[in-house]
Amino acid sequence: MTIMNVVFDTVRKQLKRTQRLFNKQNSKKNIKTLIGDLISVKGESAALAISQQIIGHIDGMTQDQFEEVFTILLEFDIDTDALSNASKNYKANPSKYNFNKIKEASKPNWETAFERINECPGGTSCLVNLRSNLIALEKNNNNYGRLDASLKNMLTAWFNKGFLVLEEISWSTSAEILEKIIEYEAVHEISSWVELKHRLEPEDRECFAYFHPAMPNEPLIFVEVALMNQVPEKIESILSQGRVRVTKEQSDTAVFYSISNCQVGLSGISFGNFLIKRVASELQTKLPNLKNFVTLSPVPNFRIWLDKHHPDFAETLSNIDVHERQSLLETLNTYSALYFVNSDRDDGLPNDAVARFHLGNGAQLISINQFGDGSQKAWESGAGMMVNYEYILSKVEERHEDYHRENIHSISKEIRHLAKAIN
Amino acid sequence: MTIMNVVFDTVRKQLKRTQRLFNKQNSKKNIKTLIGDLISVKGESAALAISQQIIGHIDGMTQDQFEEVFTILLEFDIDTDALSNASKNYKANPSKYNFNKIKEASKPNWETAFERINECPGGTSCLVNLRSNLIALEKNNNNYGRLDASLKNMLTAWFNKGFLVLEEISWSTSAEILEKIIEYEAVHEISSWVELKHRLEPEDRECFAYFHPAMPNEPLIFVEVALMNQVPEKIESILSQGRVRVTKEQSDTAVFYSISNCQVGLSGISFGNFLIKRVASELQTKLPNLKNFVTLSPVPNFRIWLDKHHPDFAETLSNIDVHERQSLLETLNTYSALYFVNSDRDDGLPNDAVARFHLGNGAQLISINQFGDGSQKAWESGAGMMVNYEYILSKVEERHEDYHRENIHSISKEIRHLAKAIN
Amino acid sequence: MTIMNVVFDTVRKQLKRTQRLFNKQNSKKNIKTLIGDLISVKGESAALAISQQIIGHIDGMTQDQFEEVFTILLEFDIDTDALSNASKNYKANPSKYNFNKIKEASKPNWETAFERINECPGGTSCLVNLRSNLIALEKNNNNYGRLDASLKNMLTAWFNKGFLVLEEISWSTSAEILEKIIEYEAVHEISSWVELKHRLEPEDRECFAYFHPAMPNEPLIFVEVALMNQVPEKIESILSQGRVRVTKEQSDTAVFYSISNCQVGLSGISFGNFLIKRVASELQTKLPNLKNFVTLSPVPNFRIWLDKHHPDFAETLSNIDVHERQSLLETLNTYSALYFVNSDRDDGLPNDAVARFHLGNGAQLISINQFGDGSQKAWESGAGMMVNYEYILSKVEERHEDYHRENIHSISKEIRHLAKAIN
Amino acid sequence: MTIMNVVFDTVRKQLKRTQRLFNKQNSKKNIKTLIGDLISVKGESAALAISQQIIGHIDGMTQDQFEEVFTILLEFDIDTDALSNASKNYKANPSKYNFNKIKEASKPNWETAFERINECPGGTSCLVNLRSNLIALEKNNNNYGRLDASLKNMLTAWFNKGFLVLEEISWSTSAEILEKIIEYEAVHEISSWVELKHRLEPEDRECFAYFHPAMPNEPLIFVEVALMNQVPEKIESILSQGRVRVTKEQSDTAVFYSISNCQVGLSGISFGNFLIKRVASELQTKLPNLKNFVTLSPVPNFRIWLDKHHPDFAETLSNIDVHERQSLLETLNTYSALYFVNSDRDDGLPNDAVARFHLGNGAQLISINQFGDGSQKAWESGAGMMVNYEYILSKVEERHEDYHRENIHSISKEIRHLAKAIN
């Protein structure tokens, strides 16, 4: 893994140099002309030059300008008559020629533009940026839906998992990347460089991120790990400066306590599944004494679910005084068991988004800890609950297949019993 | 560039390690079942495991076995009814949902198999190998045409030019890569390690190859360069041990005297265009005294063209005694001018394959050297002719666009005059 | 240079791993026994193990404990009788055997201890630490002088300049190194990570440090550079956020505005000479438009010199109101010219320590800027003066030889005239 | 370890570049003037320039020219009067000043020349080359002895073991290094690139070399390893193409069958000790199933010893017909046991040079295999005998100390019994 760090450093420097070179080529042409040119140009070098200008334009665009770009792109849609025709011809004669015709006809010309942009230094980042804007604007404009589908499809192919690179994030990592870790941390906020050092440097801390050569300066997803010798119930036992600390050698439990996706523009392209398993096996090799791999996870959708399915109790929660919360322990246990064991969704998947992620990865829900996070934010989303999912490396594949093939959710007997008792 | 050498070394080592790990997973299942499983499986890890077994099967297959594989894959063709339907629906309502339906319907399931194989370590090499067999068998079985078109399409996307890496090939390169240089040299054969050292080590020699991270142990294409202070007319002035040698600093001319494509399975996916320009600009930076970038190239299709268009002279050539050849100098000059200046092809492109390559890249044909290569092989293909194409970096883009947009072939005035004189 | 960054990253990681491994070997033996064992042990592996324990002991020692170590070491002094004998024998017969005897006899056994410590991972750092304590304690204990001389001698040999590695320090540098840049900045203090980013990230900033493989995690010396298109007179024109900024391409002047030695334990072993010339030629290659290489330097010893040689004016300076300082401009010009042009030292070297450094490197003093630094600290040491030294690459070697051979100080005509006028 | 390969590749490239730059500076001065200048010059840059010229001179010198250089250097010998004086003064007053005086006086000025040469790119190689010539000429000229002692002393310090880098040598290693492996193999000759590939590529082969950053293009020592599942008795069972081959996973025994020192100029500076232990622990990590680490070693001094101590039997051996050798089995067993168990040397060390190396490293002699090597060379040196030394990692340190402290030779009971039976 450290080897790949080296590799990535060089890839990063290479990219910066190339981008500097390219950025000199400014352009006065407007974006509409440029997109038209990009799609129609023949020579590869010319395409590269135009792409570079487009990338320059897109960097720093306002929302209105993005809408203009999307509107221009939509003009280059699939010719459905040509496609129907190609389909008919191929049915009659599945020749090489007719196959190619289907491929051409089923590809809107905007995809040609995307492909050409992607071949430039910095092009992939530009497209990821484009898609994050597309996602934001899509809510108000259905037309952008097909553009998003198309771009997601292409990004999925380019972010080939074979090229994902795991990097250890530590106090030796570059300030530039660390700055992004501070920015992207989505679960337990990092408020300063000092706090960041506390998260990375102590011996009982580990942190790993996935990177991709197409976008080497941007972490795609990262996970923060605490080394302990027990399964934690409360987030303070992990984050507090006064916590009990163990040496790497004493620890037997790796706790994944924060997982953050970094790129909105890659939503729906999942890396977390691979990340956790990779990190677990990486840690296992490095620290053979590790026996348990668990999470300490929030329950973000619980209060919303309560609002909908158990409005009375939801009401109670909203009104209770902070000092009285403890009195709700048993009721909370009951409802949370129901929340996790049963599904109220049409697709039968777990009610909780985090549960869908971990159970989908092949983990098991092993315990529910009421009042595990005392923050106001945690109270408002998950009634302060934190739960542990366990990754047993030897069972992860089977559970993963069970989940995806047969919608089986792996939940510990105790929690199932509790839910059954209520039903 | 040297940085990327470092990077590649690590990528290579990484790949070898991973492949070793995966190769342990043997399988008793037959290839038919495996391909079916691969297309239908849900979980990503299962897909990876099956792919690995398929890769193991394919490595070392006989021709019959390849035909079996291709026949199985063809069963997973496009459902044209679904595609026509999807096209109709999208015409009526270009929604995100309908867009995705077109994408699904226009993708034969064999492409799913290819995608999954490509995510494994060693998967890309396996697919390149598959395609080289497909190309060989396609001649006798038209059915394979669509499979080839599909795979070529996918390989083109994966061999993204943004990831091509130029490496200097020298006597410090690994024996494993050098062995392949010996094997793949297609223009002027290298008969031993001693001869290889003569091609790489002297100060007036350079060699560069393109590699791609998807297949880091295999050069895609390489070019051998001689540093001189004149434009050479004969291949002996480059290859002979007794040649006049210049130091790097004295040289003003870089001669590309041998360009070899290495991967049959990537035919039709062009890298040479980029390679020559990249190498020229690399050399320019390294040796600012270089002023001319030329080739010394064979004329492989000349005798075939003569056979067809000037059978009398073709006959003369076939019968002439080796000692009398010199007497044909003027006639050869005439016919070769015609050969290069006019096109006898339907598409109007140059008659000569090598001319199509260099003129298409933006070079100019500047001179024709009769008897430039005294070997029997050169006599039989190009009547012993060698020609020089010149790459002028500041004009290469314009000529490249002219060629591809308007079929303009850049040929020196002298040669044009000669051809005109005859007409 | 970027290549060496890569190299160093790996060296650093390697070192950390090895140190972790070694640190496990704890020891109960006291330091006296350990040092005795280290000097007498035969086997190399045993020596390594003992060294490791000594390194563990030394890390975190108090002043008293250091004194104990030094006292123990002093017991292993040169046997002068043996040395005189060896010298006599060699005079009589300069044989190989007798030569070796001189070498043995002239080497105190404490040097054997130092050598063996130096072969351990982390050993060099330990010895540099040892020497910084030696220097501190030497002031009160003359006995430590010979130990310091011996260790300095050995460190000089080990910090072979052939292995010095120049690294660009930027916002992409690791947080661990950057933290040390904040700590070691000795000229213009860096008060926070935000300020550090201001020093490193803007396009008109550069920073370079020297590292050595023997101590890869510690910068030895670093220089901060401002790109400008004029020779600056005031430090504000460099450090203020509201300064005029130029692009790298517009700049024609590189200003070395802060040079900090980082390792007390390496005092007297000069790296700065090499650093500035290396950085200048590095910048010249990267930015061919750069024409001037100058410093903006403090004048740290001016007030002390005034106190001694011109007590009346020194008195005036001490008493003047901050708002009246401007009125002293001419007198300051006079005295500062005298200060720089004449030497009041026995060795005839420049009065100013910074002048000794830059003139000794082959630079020329080109201008004196009164009130160039408005800070209290600058007022108290150099009466607020800042000066410019210029490095002309083509003259640097000659001036360097002139300085060291003939004590010639390169100072501009204008300043010399000014001083002459007074005399 | 692979990381260090990467590092080394970059160090190598760096060195080549720098050497090219420096080599331009030619010189007309003769070597005598240059050496004088080098010793007297003050400025560091001037010293560097002169050193570079000297290096240029030395590269390609004849024996006579080397003698000239050595004669010049000898003029800069130790001033013994100054040294005696310094010694006396230090005895009277062990001040810092007097310590430095001893250091100066005990250092002949030729060492200053060596130090300065060593700071240049390529300087270390030059000095190693110098010493190999010194060793050759020393036999005929005793005067060179002290020069050799001095240079050896300095090289020992520079080739700090902390910087030794282990590299795996494989078919992926650069042709340039592999060419040197062919050249330096001293035990079982490699006659061609094809044979080299047979030594490196099969799964049951490993090869490792030590490199040092001071001379990164030159292996210092390398060892060839065969993976087997038995302790071999004959060299054919290792080298023959028809041998039984095992996979890496099946093997339980690593056989070090060839160890070659590469640099004559580093004789007496031992790396082999470290190499074997490092390789053994490297292999142990990589292949946890390995249980035995043994050698299959020649017995190079046996026949010479016989000639001296048992001339009758030596005579028999010389005269016996090749087909009758087998009849001597028992007598050979007897004499070889004596040869290994007893010492006929004044220092009491083993009679056999290879035994001194392995037993000194902490190995044990476990078996003697008569007729283990059928070659004529092996018959003439060791009567065709091959022996096995065993490295037991947990005992190696203790045996190493025993050997060096108390001259205890670790030899198996069986062999001791055999020798005792005879005595």
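The letters A, B, C and D name the chains in turn, as written, and every chain counts its residues from 1.
One rule holds in what follows: a contact is a pair of C-beta atoms (placed from the backbone, for glycine too) under 8 Å apart; a residue touches a chain by one contact, two chains touch by 3 or more.
Keep in mind the model is a prediction, meaning the values are calculated, not measured.
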In terms of CA centroid distance, which chain is the most far removed from chain A? D
Write the angle of the rotation needed to overlay chain C on chain D, where the fit uses Cα atoms and the result is rounded to the nearest 5°. 180
Distance-wise, how many Å sit between the C-alpha centres of chain C and chain D, to the nearest whole number? 39
Intercentroid distance (Cα basis), chain D paired with chain A, Å: 55
Could you state the distance in Å from the CA-based centre of chain B to that of chain D? 47
Where chain A touches two or more other chains, by residue: 2-3, 6, 10, 13
Interface residues, chain B side, partner chain D - complex: 2, 5-6, 9-10, 12-13, 171-176, 178, 193, 197
In the complex, the residues of chain B that touch chain A are 3-4, 6-7, 10-11, 13-14, 42-46, 77-78, 80-81, 83-84, 87-88, 90-91, 94-100, 102-103, 106, 115, 118-121, 123, 142-143, 145-146, 148-150, 153, 157-158, 160-163, 213-214, 273-274, 277, 397, 400-401, 404-405
